[in-house]
């Protein structure tokens, strides 16, 4: 078996980007200028290599693996090396149907982001940072060790911090620090939860237990323990402890997601971040939160999950509705798109709170679909800003006339995000709705829960259409183009941008028409976890 | 959740059915891409008509396949179900203890309703494509962007055909939304006009509100049946054991929700506001989407619900919904007709007419549903016949209306086109040909009937088509819509006899007939009769061949409605018993229809028929004639078949003309001109409530939620200053602090010890 | 448990046992003698004969080299450092230096060796980096360089460094509290002078004065506490005190005595409210010295606290021994919060680092509190020593890695100080453009201080939190495994210290990041766009710190093992 | 012979005086003297304890403590001298360049 193959997935981008950065940072400015092109090309090639690698994994080129029918808590390409023996820390990586789509998504977005922001300034450091970001993100998804997971979790902050700080807008210092501190604060609380969990294991029972502490950071072993302990009326660690740990872990994940009311770092970060940063931030980084939920609290604490089902549902609903309402009140294009992310992340939470395999699959697919659509949204915003030097909705009207490619891309991305059928986002939304209603009728919830999603379906259309009315359309009057553009040739997007948009659009359609490519394995994962864990305890009632 | 498909497929064509959808769908990117790449290329522009001639063969192919499919269907195969079930979503639900696999796939479903709509859609798509080549490509304003039109056009066709062919409510919805998108894009075709941009948004949003309910209806439906496939649902509905476990009120709610979706799509009260504005789009769009096909989607959806109403297990349970459907129809029919009275914009009149006629169909469907739901039609053959005819009448009206209204729009387009052309010819010759910004480049409005008049002699074919179309819509005896409209009115009254609630819709449709007669006549007369209202109208010339072909074809189809009726179109039934021409021969059928219409044995219906004719074909048009039109200008000649109409009009005009300014200035008229203020209130609600609330929310988000975070930051900064100011710089204070600390520890430990 | 080997002074094995200290002593003498070597001649009284005795006179070229004292000091402390490392090679033999009566005076074991490593490591780096400060400008305010090159003063500086090292190592070794106190005072006096070393500046003398005066008060209090303990027990031998405490620890006298001693060490670790002089001292002292204060000197205070609290007042020896827990827990929370809050708004990077050092003291006090609480849950107690070992390991690891990034950060500031900056945030502006290496190093030190993985700072904080949590949870895991329903109320309150720590780390990110922002994204101060003062030594030291910061983060396994052994050797009841 | 307890009490008094003086006086020299008082309090206690326990180490501690106090004075005076050179004051309140 080629199990080792999951290691270069993480190590290669991280190491190569660090080498490139070290190389560049010691060069004089002039040399650095000359290095932009080779480095950009190198980063593109590296990221494409990663994409080839993960795509090859999907098509089973690197050995017989099955992305379907993986038992719950089994992993493909699983490797584990001792790292810090005394604490039970291991370099453990592996992929399952939960993490693989996210890994693929990351490797897919990396080259696309590089292409979409082909002409970004200070390219010699920009592109390696993107690569580093990618490596850290992959690291989060492949880690099967709590310590490793946390290390990569925090590592993602650093490249993003620099991306915002160096390439960001006017208020970038504030935004970058806020982003860093906000998410860091939440994740240290999560860390405390993880450590508490660590020491609540029975000592010296796990295979990879540390010599000093007698406990292990290994996620698979932990999940196994939890699964065997969650039997009948017995609960892994007991009900109270499950609830406490669940909350502590969820704080970290909800802030990352982000869910209302912990979302305010996101608009700031997005508005100030450069296009590439936003693309990765919205595309993958937010999904870390959702991924973490699935990987840890949901897999470990079924009792708490039932206990907090209502809370999750409320947070999800509030995120969904509040995000959409605030979107409608935005005048800044990028901010609007950022809030739409908040709204969409609400879908994930609702999907989880349905406690239906279908809802979970919808949440997983939402992670994936939003991961393709939102980069396109931000690529469009970036191009808008780049060409029209403003982010205000209405500053530039009649784009369809001046920049037909950009207008088309925008139309496409907006439509995809508002959940137009046959585009990726719709699949998740309709599944979420079906699952939600099914839960409502099955568990006897109030039908008023349906009001939120229904309202948002309309609101989402409203804010997207309204913004399109004032950007793509109109422009027939004398005020357009705006004064600063009069007399100039108003440029359309560049060829690399076009190319990136086309790729993103293609995959949005692909996963809208053939969602099963990714959805089948997600469904399988949810089935496994329901069979293996949730149903197991669901009968006990919670 | 068993899937029961016991009907055997015996049509070879079904396997090609997906091509009907796929061909136009694939043509969409091709045209769009080529159009962007070869923009302004002379070959592309002149020989390929900027994509028009790519779309044309595609639509023709779709039509041919559709016809073959329809032929097979008519030829006997009764049914249903798909040969291909395209995988889409496979997932799992937890059903109280067990995990059930679920799949939402795509397939083809063909029955009588499908076939009807399939023909209407593919036939009109092709004709309007032909029309577009003559209409769009000759207008300089569209230069170099027609590819966009054709691309969106074919995508729309794909959506429409897909919706018709889809085998589940889910896929119906999916294609429904794609149509919505195309409608949005095409209304906003002249994106640079703020009014078009506004109209496009309004159309999408208004229908979206309906769609939201539709989606809710879908998920409720899914919850009940565990599937959205027609096949599964319809067989489950017939399964009494299964239905015993289903709450009929939940089902009614689900259907009601779906009906709201239909209301939005078919522009019925109260979600009708988008349709008149949608006329901002190019005329072919109005003809195809906003008259002939897309707006029928709502009707199609309601027609699809028939099996629920017809199910024995639900007998009598869905009456309320049937009433609501009929009521919405009735209200809209009268309201739209009333607003149409005062419109001067040619296309707007047609738009309101569309609304009104669709409302008729809704009423018809509602009544048919009522009948199906209350009568024991499965066992009683008389009842069966009544139900079948009622349902058939509604669908037949859909057919007639689609044909006639498509034609009317095309004709009106040709009028507008020529008026516009004449206007340019007259006023803009000095500008040369290069610079035409848009239709609205000055105060001249080519769509206003005030700028027309007496065109019957200038555009004879157009006038004829318009005349036939109007007659069909009005329900003039023997022509097109008459056959179906009479049926709808009759059924409404039939139901009203049974359930007095239905008196309201029944009255509405009866009065509406007269109103239709009035506004349609008014429109024709103002446009074609009388003298040219201005110089421009006097210089309008005949239209081109591309435009003439579809006009001619549709005129023919409309006139031959009696033949279709004779073939059994009015018995278009939810089961195979009354298949196409299965009952009687053609001649026999026509004779039966004539007999049934004019010599009904039941005195009530006999009187009703003539009453309706009197109102719709005499009173309404007569009133219009007395107010508008008149003889043609001196020396103008028209085709012989229009002469009597003109003459009659001139006579009535001369004889019965009266001053209606008192009415014209009444507040009711003003209200009608303002579309009964409904749009105004909607806009206000949007602006004053939704927008204001969202602005406040956005403020709250940054001031309250983010403000909390900022306050924490500010607070800790000021706390930091306080803490640091304790470090005074004087060593004495430091020693003091050490002493205080010492004492604190001292007392703490002392206390403990 | 290894057997104890006893060595009498100058007896067998004395040299190998006290090798690092003896080297230091030798170096001290060399440092006094060698720079004074010259062609000086001694006139035999009553004759005109002058015999060369090499002291004084015109000094040789080599001995008059201003860098000579620093090299001697670096080599001396460095050799001690290396010898200490080497002593780990085949396990540290547990050796006691005993007086004739058999009383243990000094004890050499893994615990003391680890602390020696910390002391010597920090001092070596600081001494090495200080070489470049010969040609200091700015602080010395317009003095001629000649004067600064005066190697006699250089000699003084490094002599103090070595005495400091000597004092500290005595603290690590001492088995008698009074010996410990003497070592402490030796090191303290050296640091007082080191802080005040740049007497040419207002800040230098003021810092020295404050540090001295507050320090003296604290050590006065401490000494008084010792005298009370002596009065109570009749001896200051650790083992004697421990036994006596086990019998009558709850008396007021020992309690108050311990409280007073706590004050003395509290000043050394700069725990609130005894920390007030620290920020002033750090900002007035030269950066390498401040670095030493923040690392080695702090570690020394920790040794004292550990000795007094965990050996003398060990909770196991008396049920009421835990009374100091609340006291220390409170102190820890106040200290960390105070430090972080104060650092939050500070615009002087040195003061900011000083406050951050206060915060770190709070974390360490939390760890000590946790160690004190290790056997709180007697019903669940199974293997009590285990938890204490984890926390102590974490604490030592923390002190060890602190040398890498805290000192490293001060060394970066020291480069800036050489051009007159270093005490203004803005002087860091544009560092990334001027010298990317320094900026990157500083950024890594900062995020390591903040506790961002995978750097050493994260590991150490993680370990401390882990230790605290482990103690707090006790043997709950076993109870949970049998199905008991336990909640947070069943957890020992030191768990909340972990929460306080975690939240404080989050607060601290704010000011650490700000340094990064300034370095990378703000323009340099006016007139300071050129290259920074040269000097490979300081950069080498920074590089060493940088590598250590990264290395101890990602590959901490071996070091953890050492710390664990050391922790076990601290108290043999735990192993 | 005086009861060692009285000596202890005296030393406690001395200690309090020293500590109180240290933070009430602002002249550095006086503060230094106060610190000496505190150290002497400790010395006295050591001596008393040595008597009490009949243990010679106490006396040794005292001698060492005196040495420490002496060096402390030396260092302190040196630092005050240097400070006076720069600040021209030895008042603790006047020397507050470093603050906050």
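Observations on the model:
Letters A, B, C and D mark the chains in the order given here, with residues in each chain numbered from 1 onward.
Convention: contacts are C-beta pairs under 8 Å (C-beta built on N, C-alpha and C of every residue); 3 or more make two chains touch, one makes a residue touch a chain.
Since the model is a prediction, treat every value here as computed from it, not as a measurement.
Chains touching both subunit B and subunit D: C.
At the centre of the protein atoms shown, by the Cα-centroid criterion, sits A.
In this structure, the chain pairs C-D and A-B differ in their number of contacting C-beta pairs, and the larger number is found at A-B. Per-chain CA centroids place subunit C at a distance of 25 Å from subunit D. Taking the mean of the C-alpha atoms as each chain's centre, subunit A and subunit D sit 64 Å apart. Mean C-alpha position of subunit A lies 39 Å from that of subunit B. Once the centre of each chain is set as its mean CA position, subunit B and subunit C turn out to be 81 Å apart.
For subunit C, residues touching at least two other chains, in rising order: 209-210, 213, 217, 221, 279-280, 346.
The set of subunit B residues that touch two or more partner chains comprises 724, 727, 729, 731, 733, 735, 738-739, 742. Among all residues of subunit A, none touch two or more other chains. Here, these are the chain pairs in contact: A-B, A-C, B-C, B-D, C-D. Residue ranges of subunit C in contact with subunit B, taken from their complex: 209-210, 213-214, 217-218, 221, 250-252, 255-256, 258-260, 262-263, 266-267, 272-274, 276-277, 279-280, 320, 323-324, 326-327, 338, 341-346, 507.
Within the complex, the subunit D residues that touch subunit C are 8, 11, 15, 18-19, 22, 28, 31-32, 35, 38-39, 41-43, 45-46, 48-49, 52-53, 55, 57-58, 61, 64-65, 68, 71-72, 75-76, 78-80, 82-83, 85-87, 92, 95-100.
Considering their complex, residues 178, 182, 185, 189, 192-193, 196, 199-203, 205-210, 212-213, 216-217, 220-221, 223-224, 226-228, 230-231, 234-236, 279-280, 283-284, 346, 351 of subunit C touch subunit D. Here subunit A touches subunit C in the complex through residues 25-26, 83-87, 147, 150-151, 154-155, 157-158, 161-162, 165-166, 172-173, 176-177, 180-181, 184-185, 188-189, 191-192, 195-196, 198-203, 212-214, 229, 234, 237-241, 244, going by the rule given at the top. Interface residues of subunit C facing subunit A in the complex, by the touch rule stated above, are 386, 389-390, 393, 436-437, 440, 447, 450-454, 458, 462-463, 465-466, 469-470, 473, 476-478, 480-481, 483-488, 495, 498-499, 502-503, 505-506, 509-510, 513-514, 516-517, 520-521, 556-557, 560-561, 564.
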